[in-house]
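To keep things simple, chains are lettered A, B, C and D as they appear, and every chain counts its residues starting from 1.
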Amino acid sequence: MELVIKNGKVVMPGGVFEANVAVENGKIVSLGKTEPKADKIVDAGGKLVLPGLIDSHSHIAQPFQGALPKETWETGSVSAAFGGITTVIDFAAQFDPITYEKLGVMGDIKRKEEIAGKQSVIDFSFHGIFVDFSDMNAVLREMEEVVNYGYPSFKEFMTYLLLAISDWNLYLMLNKSREVGATVGVHAENYSLEEGMVKKFVEEGKKEPKYHPLSKPNLVEAEAIQRAIILAEWAKSRIYIAHMSTKEGVELVRNARMRGAAVYAETCPQYLTLTDDLYERPDGANFIISPPLRKKEDNEALWRALAEGYVALYGSDHVPLPSEAKMAAKSFNETPNGAPGNELMLPILYSEGVNKGRITLPRLVEVSSLNASKLFGLYPKKGLIAPGFDADIVILDHKLKKKVRLEDLHMDIDYVNWEGWELTGWPTTVISRGALVIEEGQLVGKPGHGKPVRGKIDEGIIKTVR
Amino acid sequence: MELVIKNGKVVMPGGVFEANVAVENGKIVSLGKTEPKADKIVDAGGKLVLPGLIDSHSHIAQPFQGALPKETWETGSVSAAFGGITTVIDFAAQFDPITYEKLGVMGDIKRKEEIAGKQSVIDFSFHGIFVDFSDMNAVLREMEEVVNYGYPSFKEFMTYLLLAISDWNLYLMLNKSREVGATVGVHAENYSLEEGMVKKFVEEGKKEPKYHPLSKPNLVEAEAIQRAIILAEWAKSRIYIAHMSTKEGVELVRNARMRGAAVYAETCPQYLTLTDDLYERPDGANFIISPPLRKKEDNEALWRALAEGYVALYGSDHVPLPSEAKMAAKSFNETPNGAPGNELMLPILYSEGVNKGRITLPRLVEVSSLNASKLFGLYPKKGLIAPGFDADIVILDHKLKKKVRLEDLHMDIDYVNWEGWELTGWPTTVISRGALVIEEGQLVGKPGHGKPVRGKIDEGIIKTVR
Amino acid sequence: MELVIKNGKVVMPGGVFEANVAVENGKIVSLGKTEPKADKIVDAGGKLVLPGLIDSHSHIAQPFQGALPKETWETGSVSAAFGGITTVIDFAAQFDPITYEKLGVMGDIKRKEEIAGKQSVIDFSFHGIFVDFSDMNAVLREMEEVVNYGYPSFKEFMTYLLLAISDWNLYLMLNKSREVGATVGVHAENYSLEEGMVKKFVEEGKKEPKYHPLSKPNLVEAEAIQRAIILAEWAKSRIYIAHMSTKEGVELVRNARMRGAAVYAETCPQYLTLTDDLYERPDGANFIISPPLRKKEDNEALWRALAEGYVALYGSDHVPLPSEAKMAAKSFNETPNGAPGNELMLPILYSEGVNKGRITLPRLVEVSSLNASKLFGLYPKKGLIAPGFDADIVILDHKLKKKVRLEDLHMDIDYVNWEGWELTGWPTTVISRGALVIEEGQLVGKPGHGKPVRGKIDEGIIKTVR
Amino acid sequence: MELVIKNGKVVMPGGVFEANVAVENGKIVSLGKTEPKADKIVDAGGKLVLPGLIDSHSHIAQPFQGALPKETWETGSVSAAFGGITTVIDFAAQFDPITYEKLGVMGDIKRKEEIAGKQSVIDFSFHGIFVDFSDMNAVLREMEEVVNYGYPSFKEFMTYLLLAISDWNLYLMLNKSREVGATVGVHAENYSLEEGMVKKFVEEGKKEPKYHPLSKPNLVEAEAIQRAIILAEWAKSRIYIAHMSTKEGVELVRNARMRGAAVYAETCPQYLTLTDDLYERPDGANFIISPPLRKKEDNEALWRALAEGYVALYGSDHVPLPSEAKMAAKSFNETPNGAPGNELMLPILYSEGVNKGRITLPRLVEVSSLNASKLFGLYPKKGLIAPGFDADIVILDHKLKKKVRLEDLHMDIDYVNWEGWELTGWPTTVISRGALVIEEGQLVGKPGHGKPVRGKIDEGIIKTVR
């Protein structure tokens, strides 16, 4: 064996088992009580051994709304790894975000595969994003091409000027996704409503960050979610609701699931733990993300949904925009949207979720790894500790309690929105395809280790997603 | 290793993996791509390797309503094993069913542990049954004693003269179950209604088997289920609905789950596949069971519920009453209730469920094994193929197609209600704690191999039951 | 004309109109702007003119659980009239409540028709009550006889020792009611549960009035309601839930109505306005009624249901048991159940309902008069101010504000459970079949004026009940 | 008295009464058994006497999509009167439909008041329509002006190029409506979806009428309805869903009402009785209306909703476009939308509704008259036969059976979509403010009799709408 992880408590959907995990050629070859001989032994020392997280929503090194990140695929993938992530699903869009050159989704995939392939310390995949719908036939053809290439998932914007997809075009994409075996997701916000509200506030001189959530009340998300769901129901397709933030969204997804609709919602650490009173702080601009932070009752509704199965995915929506750029904006609506956080993914989910009794450990691995694998075509490579799967493994010291301090983190950014939070449960060792990326808290991975994860969706296994 | 099962496709809640399973001291020690040296190698030859079934509802060798079975714990456990079952959860009642001597639940447990311990080829556990409520304090104390002894589950009758529990006593038991960590189940039928209807038919001279379902319309079950659920909701306890047969039951369980109630329903092969027109056949009396067979639409509602999670358990309700005794009765209401079937448990669930696309393989292992293990205190010994678990394993030849013929079966009984059905997917090899019970279709197990499985309920793991 | 009521605001289901109401031969002959010549002119002086209330639930002069009222049909009908009531629907039971002589429902009807016919100042009708089910065929035959005689409604007890009906017998009565055109109601409480809880409290020495509601938690009513509803759904009959007290009941009725079930609930002033903290008062025993008083949230749920249509009836459940008898009991469970209140029916509904914006005036006449008329066979005689209907009219001084003081009331009783409440809106003049019963607050009616109101149910008009 | 209608059965929300109706100065002064002296006696001869219908949705004499009607306000109001209608609620829009001159809603009101005031034989009112949202502040100001002028209702298009309102602007109007006491309605269709589908069919050369419903599947309406509802819920305002056509719409309205939302749906005779197979006929183009005709199951869902209260309004959506213009179009999407039908309003509702047992007579007057009066500010002038209300009365010969034949009708149009239907129940006499418009089937009304009905909404009485 090239590697054995011993003395761990292995977490699987069916339960938690004391077992040693043996790895050969980057793949898990066995798990069990026996301790095979190996070139390298990692002693988990009674800690939890989890499948590495799949970040279903990531924007590594991505400029947005005019703001440039310092982050590179190297630093962004390193912070992801420290967050327990072994695969990031990033985005491939039609246009270069700086030059606006039209690369096509396939073009952006090739470009990002090259960059990430050189820099990333962990594996990566992509959701395609279309924003130019002037030739829908071309869009639908390219969808199929992207699926055939190995990335069977897409995410579309229902909001943002120049990016938003029309209901008809979304309906066409949903139909196409059913035919070609893809999963289409949406950033669900109603553009008309938020544009109207933003304009109104700005005209009234109300420009502080606290007007950001007021310009996007829960209605803005709820309307878009119900629209996306009904379109998917009529297209007889799946739909994935990205970064869901509201209790109304939970209710809509739940009702749709009761009707038998194939709706899969994702939420993020920020929507589970942060609230909109933060916008009142002097650094309120740092929390400007879309959808905005909500109320305590929304947090709690999302936790319950995560436990019960109405939220199936946990993504970071990591956007590494510098505080400097966010704080400099003269109005909430000119503030670049997004905030970093991939490095805290596992600590937050374990500490606030498992440790506080809101979700079980088996549920943690479903929402943070297995479900994304199934829904986005990474299965049966990623998402489980099981023979034949890639040896993407994280050892979690579930008793380790630490305060979040920006200076201790590896994100190349000037703020973190959980500064000062005390979290229990931190990854200590992270393994990607059998190779150590982080060992006892030290980075040992190498840029260029990461590889693209291409695959196709198994429609049978998706039926087991909850 | 004492045993390795190689070349199988191992089915787990997270998916299906090609892996070899190694066994030492009766426990699974590893599963993986490696092939450890072993005293005994079983080559699964590409077949499915499943955790042995846990029959959540079994009446091995049990007399009922005056009818005596020929079956013994030896023959009954053998036919169970041929049905893919490696653990039966049978019943321990307060009274001897023939002499009516009061043994107490503990007394019956001891007696049955001894008998089954000598005769059974597979492991066994018990649900306690109380029917004498003259001293409820004594009942509640004995409940606790039984739980502490290692059998934390009970099943009560809401119907049957002399057996039925009152709402108040059920409410007390549910409250007690919450305190002591037990699961209480019910045979949910409304006694008043069925007694009234039976009497009416009999008075009118309507005594043929076809009046059996008419005397227990879906209402009879539905009313009792909704009553059991509301009692459990107010007791803030779990409830287990045994052998659910109706679409109305599915709806009630679903609505209760939506409200957050901890309701777990079981169904049986007969309620998934047989219908009430069978009562019109000359051998209609053989189908007299309670609840009775229903309509096609009930079958289908139960299949969907099994897939979606509103039915969590699959038990046989095997009652080995001879056809002779059933056919001899002069009226449907004098016919002893119950019919045999444990030998067809896995073939029916695979053939009609997985093979027809109604449920997935991972779901099959949840409903037929894992969930019962969690709900009835067998976890973490039974219910999974995972390191540390008992090596209770069944190899399923999922391509094998065979007609059901009584003469080919091992049940010591004179009829089988699926005679002539062609089923795809039959167990070929069955292993109990590492010991072969059936090898390539031949019985090799020995009476006395079976052991009682005592344990306690893990309240955390129950939250993962769906 | 024998009578004209002029200058009033007439309240009808469609709205409120300024009109004069003309009466001839005890019937309304016209309403309009014209002012016909008349022997007697009553000037309403801008006050509200309503159809006289129909008290759907009344126990005038009835002994209960060993306690004897001082009230007679004369005094009880007088206090009813002061409460705006012009028709009481009382009860006719099989047994004499003191001697336990079996009169039969028909026998009790005849007896009560005679007594009330001599004493009552207002009209009266009856719900039949069966409690002896030893010969159900006889019960069903008598049901038909009672319906044919002119009283097509029944109310059965699901609780109380010796009175409770079994599920089967209730199911038979519901089926019969569908065939003969009757409405069957239930006192919905689960006997087993309340008996168990009462016994437990008493054994623990907990005998104060505050244990009364604890011995009948909302569960006790909710379980019985859901049982009654499912029985009626299967019998394809109507069901009337008497004196509903819980928010859970509202939810059950609402869900049933959504499914299309013909469920009609009644509530009472006490369940709309009083709460269970009153049991802690020194005179707590006076509030011992069944079902017991509940919480503020139950009150509010009932008000909303009354407004939205899920509660269709407003009855008093007036039981004139003396405080003396109630306070003398040594334990809450020995306290005779029931309390008086018919004299406050209209003031409470107007003051707390209309005046506080919870219901509209048109809704007030539906729930307090029109719906009872339709559901219990009084239509088209009672329940509306419309040509051809009996001139049963109440003039309500909707601006009159008065404190409730026992000494001001006409009920022949030693307490009133709303003592000290300030209510706005009191009847000043009450007319029964064109005859003044109360004129400007003074009793002018005569014992013996009241007549039985016999009729049959119009199945078409019942469809308009909400 | 100037007029008495005697020997009729007067239909009111509370029931049906034999009464004579007396009229003075155009208003009802009394109803009753008495028969006042009068200048004119109309003998109803045992027929039904109903409040004249209020057509909540009318486009008299209105050009649309380039097609010119022959109809004038004279002929259109005459055919309405023959349909039992005594008040039409027409539309006042910002632009002249032929010249596209911008008149403003107030301008169009003044113009139409003048034209209709000269030509109409019955009364009229208007819903305002805004389509130019370039200055929303001006729109909101004009809304208030229109409300103050006496027309407190509006209807907006969610579809049609150049007419559709954005979500934000609709939200603003809904908020404004709450502040100024108006009712806002919507033509609920999703523009993006239907535009996409139309384009697709046309590109594929699929231009026949049968592609009309295929280009607007139920989804197109359902999505828009759910969007309109959620906007109204957040605006805490009422919303009126015009001409609802789908079972999905019924479900959405029902769920919204269960949540307490103030949603009022209207349907039309065509959606209750016609189905989309009619598009296959040679004259299929005549049935091109929006929303399109649906399936039998949609018809039935709408009937049930009309009975149960989830549809509260019954309007004609009468559009008098000539068949010539419709049949001439080269493609379904170039066919002018709309079809005539006001003359059959009452016969269809009585014949298919009351006569077939789907709705009761009291419900008929609610949905065809009273509810529109309450929701659109005509109350307490119109909608009831009650003292003080306008004497707008229709006598319905509910036993008269006649075949629909274009040549017998008064609509100035070359087709009728119910040609050949046998209907039972036809108006014989129609009275507007005490003046005979139709007497025993003969037109006796005069152009210029009709008057505008201006008023304001009574928020209290709206709570009684069902």
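The rule is short, and it goes like this: a contact is a pair of C-beta atoms (placed from the backbone, for glycine too) under 8 Å apart; a residue touches a chain by one contact, two chains touch by 3 or more.
This one's a predicted model, so the numbers in the text were calculated from it and none came from an experiment.
Enquirer: Provide the labels of all chains in contact with chain C and in contact with chain D.
Expert: Touching chain C and chain D alike: no chains returned.
Enquirer: Based on which chains touch which, give the shortest step count from chain A to chain C.
Expert: Contact-graph shortest path, chain A to chain C, evaluates to 2.
Enquirer: Using mean C-alpha positions as chain centres, tell me how far chain B is from chain C in Å, no decimals.
Expert: 51
Enquirer: Could you work out how far the Cα centre of chain A sits from that of chain B, in whole Å?
Expert: 41
Enquirer: In whole angstrom, how far does the Cα centroid of chain B sit from the Cα centroid of chain D?
Expert: 61
Enquirer: Name the residues of chain C that each touch 2 or more other chains.
Expert: Nothing qualifies.
Enquirer: Can you list the residues on chain D that touch chain C in the complex?
Expert: Contact set of chain D toward chain C: 10, 12-15, 17-20, 22, 24, 27-34, 36, 254, 258, 307, 309, 360, 362-363, 370, 379-380, 383-384, 386-389, 460-461, 463-464, 466.
Enquirer: Which residues, counting only chain B, touch chain C once they are in their complex?
Expert: It comes out as residues 166-169, 171-172, 190, 192-193, 195-197, 217, 219, 222-223, 226-227, 230-231, 234.
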